[in-house]
Amino acid sequence: MKQRLERDVIGMRAAKELQPGDCVNLGFGLPTLCALYVPEGVRFQTEAGLLGYGRLVMADEVEKADWHYIDASGRFCTPGLGMAIFDVVTSFIMIRSGRLISVMGGFQVSEKGDLANWNTGGDALGGTIGGAMDLAVGSRRVIITMDHNTKDGGYRIVKKCTYPLTARECVDLIVTDLAVIEVTPKGLVLKEVAPGWTAEEVQELTEPKLVIAPDLKEIEL
Amino acid sequence: MLNKIFDSFDAAVADIPDGAVIAVECWGYPATAHNLIAALKRKGTKDLTVITHTFIPQVFSEDLATLPSVLLPQMKKLISPIVGIMRLGAGGFLREYVEKGMEVEVMGHGTLAARLYAGAAGLGGIYDPVGVGTIVEEGREKRVINGKEYIFQEPLKPDYAFLSGHKADKLGNLVYRGNYRSDQPMMAMAAKTAIVEVEKIVEVGDIDPEHVVTPGVFIDRIVEIPPDGLGTPEKGAAIIQQLTQLESVRDMLFGKIE
Amino acid sequence: MKQRLERDVIGMRAAKELQPGDCVNLGFGLPTLCALYVPEGVRFQTEAGLLGYGRLVMADEVEKADWHYIDASGRFCTPGLGMAIFDVVTSFIMIRSGRLISVMGGFQVSEKGDLANWNTGGDALGGTIGGAMDLAVGSRRVIITMDHNTKDGGYRIVKKCTYPLTARECVDLIVTDLAVIEVTPKGLVLKEVAPGWTAEEVQELTEPKLVIAPDLKEIEL
Amino acid sequence: MLNKIFDSFDAAVADIPDGAVIAVECWGYPATAHNLIAALKRKGTKDLTVITHTFIPQVFSEDLATLPSVLLPQMKKLISPIVGIMRLGAGGFLREYVEKGMEVEVMGHGTLAARLYAGAAGLGGIYDPVGVGTIVEEGREKRVINGKEYIFQEPLKPDYAFLSGHKADKLGNLVYRGNYRSDQPMMAMAAKTAIVEVEKIVEVGDIDPEHVVTPGVFIDRIVEIPPDGLGTPEKGAAIIQQLTQLESVRDMLFGKIE
């Protein structure tokens, strides 16, 4: 079987979407990998009220953890230079008014850009919404990083989401371990494929029909 | 001068009746009014509605710090955008209470903030764009305004806000620290009665007017956390040690990138 | 003709309604007189974002005027001990959530407690609303200080306001140069009269029927 | 790093098109982005909608400081809770413009604040209790919620906010001073583009994270007021002197109790 991209390569590719000056909210899990690869001048936001926090406290320096500073994934972080502290009302104005870029994980993305990423169960107890719905609706750009397929090979890029939605028609770009796909009014446009993969092979692992970009290329990092 | 300073957490919550609506911040483990929650648990007030940012299981010792979930047996309703921790089974720990009749209302965190603002500003309701097409719109009025769908959301007006602050002066002028600010300023303003536990009570004039985050008029009761109180820096350090022992959350809390 | 109360006596009487710990917004003109007579511990708010400002800058010390500090009537004031500075959103939450007492001037008050105090003209250009509508609707207690009658002897306490309304059924207490009148569900209750005046005389100068308080007394200061 | 610093006020307003909606604070005379207003006047942009707290005549020299009313000939609409000064004849000075077609929308100041919040938070509208039974409800939808009447108010989303700040760092993190804060933080957040004139631009890190009032992400353009700019402390002192000469306003501005 062909090689899929490693998780940190997905993060590296998503990080390429970020420019100096961008303010970014990183979701739990895979998206946090972006932080390792972003250019200088990208600043991170946590919806609990920090913009521009500094480096994370690692597991071997637990004694440095100050629980006044927690990132968007609930991890201990440090104050950054030029950081601002604000309340949640201000924070969600920031999020809802299109001032941030959001990099989130996903369970499913539909061909229209619907996102399901908060709940794998049948009711409200099956997951946690947190800031995800606001980020999906409000961000200037929503980038989803996820595995292209479920563990048993099922589709994650689907015609219609079967998991509870986070928001409708909100996703701009999907970065997976196989491809980079843009959500456009004409449908899902396959822009890049993982090294060694063809558009046809990616299409087979994707439920909706993909539009192949005229300049389709291998993922560049 | 009106005396807002209370000697004990028990005294500060003594008048809270059964059925009260309590707003209390919880950003995982910090930013929580641990001592007030513990006092309300001791008091045993029933049929509570709890509004909180994060409602997760008490994964560390209750004698170090307490989370809103210790009130579960006293609750009739939970309003929260974060119900559980995904890797601990999300909101599964609530199921037994839900089966016994506890109501759970979920929504996006920004919607919670907007509803608290609406309560504070006396609005009758707001049309919110977040949650359209999701579980959040179930049972709610929707309306198309200028071609876009919105959900009608009612204001939230807690009876009490339990706050965790850094410093307060005797008038109640309050500053937080770091993430502790979070939902707390709006919870204080939306609530009928706001009670704060602080690391330190300072003299009037000790807080620069430009730096006040919650003006004193919003704060009704102040309790200084004693050295043996919950959630002190020492107990915080002990909690962090306990958390690092827990396989399930350790990776989540420290900067390991998965 | 009998003596009506001086303007500063009206202010003095209204000030008696204020207790240490109260936070108060004083309207333009007559209400500002209250400030001279309130007990220690009363704090003043301006809707532009100060609570607990200090003494005013007087005309003979113009050089001390710092236009970063302006009171609710637009006058230069000084920072007070324990002052808080906040934005207007916070300010109107303070006002609308019943945390303040409002002392305002009035053109007319109706028997139901309707207030007209912003406009003497026929359209929106005839006056300025400012914070008055919010204060009238939201304050814990609305105290109106005004002359009992117009300059030509007409009613100001009326069955129905003829000037554009500020808010409906919002007034709690009226302090005039003749009387102190409480607005109650049973109607306007005459509680106190100016020295030398009888209830009948005050009634004659008041359009709606007054309920005479069983403990009617002379205004005490 | 994105460069937000502009060399001139003219450059900072150069792209503002005819028909733009501008939010600009004016708390009588201070808290106003005098230099940006003057630049927009020079530019001559037409059909402006101006959202401001106070819209009063320019009663002092325009070369000391400028009020939003200098834009009158360029305006098609005014949205403001304070239209004029009562003792100068209230909004009478606007009548000639209204007769030529300028629209004036009045409301309570708290309603303005709530509508700016609604715009900033992306709401479709709010139900507001203030203005019921008054001129404000004319032409607006009303609704009874839980037995109480409310007015539907639309969000305000200015194209530009003109701000007057004390200090900004190069990221745009901003602090005000005293009353200058006023409506400005919410105007900044509600606007698509926020432009601030400040007394001083400081280095990143010079403003304590706890003391930032408007986080930098809301600020798009920064101009430092030069020594010969409008509204400097020296010109402020000159204005105060001018005002004390004006019988009509002197009593109002200084502590004389009438």
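Each chain carries a letter (A, B, C and D) given by its place in the written order, and its residues are counted from 1.
Just so it is clear, contacts are C-beta pairs under 8 Å (C-beta built on N, C-alpha and C of every residue); 3 or more make two chains touch, one makes a residue touch a chain.
The structure displayed is predicted, hence computed values, not measured ones.
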{"item": "Chains touching both subunit A and subunit B", "value": "D"}
{"item": "Of C-D and A-D, pair with higher C-beta contact tally", "value": "C-D"}
{"item": "Separation of subunit A from subunit D, taking each centre as the mean of its C-alpha atoms, in whole Å", "value": "37"}
{"item": "Length of the line joining the C-alpha centres of subunit A and subunit C, rounded to whole Å", "value": "56"}
{"item": "Cα-centroid distance, subunit C relative to subunit D, in whole angstrom", "value": "28"}
{"item": "Sites on subunit D at which at least two other chains make contact", "value": "110, 114, 117, 121-122, 129-130, 177, 210"}
{"item": "Per-residue overlap in subunit A, given as positions that touch at least 2 other chains", "value": "50, 79, 85-86, 89, 92, 96, 137-138"}
{"item": "Set of all touching chain pairs, with the criterion as stated earlier", "value": "A-B, A-D, B-C, B-D, C-D"}
{"item": "In the complex with subunit B, residue positions of subunit D that touch it", "value": "110, 114, 117-118, 121-130, 143, 145-146, 148, 150, 175, 177, 210-211"}
{"item": "Residues of subunit A that touch subunit D when the two form their complex", "value": "20-21, 23, 41, 43, 45, 50-52, 79, 81-86, 89-90, 92-94, 96-97, 99-100, 137-138"}
{"item": "Touch list for subunit B against partner subunit A, complex", "value": "27-31, 53, 81-86, 90-92, 94-95, 98, 104, 106-111, 113-114, 116-117, 129-136, 177-186, 213, 236-237, 240-241, 244, 250-258"}
{"item": "Residue ranges of subunit D in contact with subunit A within the complex", "value": "1-2, 117, 120-122, 169, 171, 173, 189-190, 204-205, 209-210, 212, 215-218"}
{"item": "Subunit A residues within the subunit B interface of the complex", "value": "7-8, 11, 28-30, 32-33, 35-36, 46-50, 55-59, 62-63, 65-70, 73-77, 79, 85-89, 91-92, 95-96, 114, 119, 121, 124-134, 137-138, 164-168"}
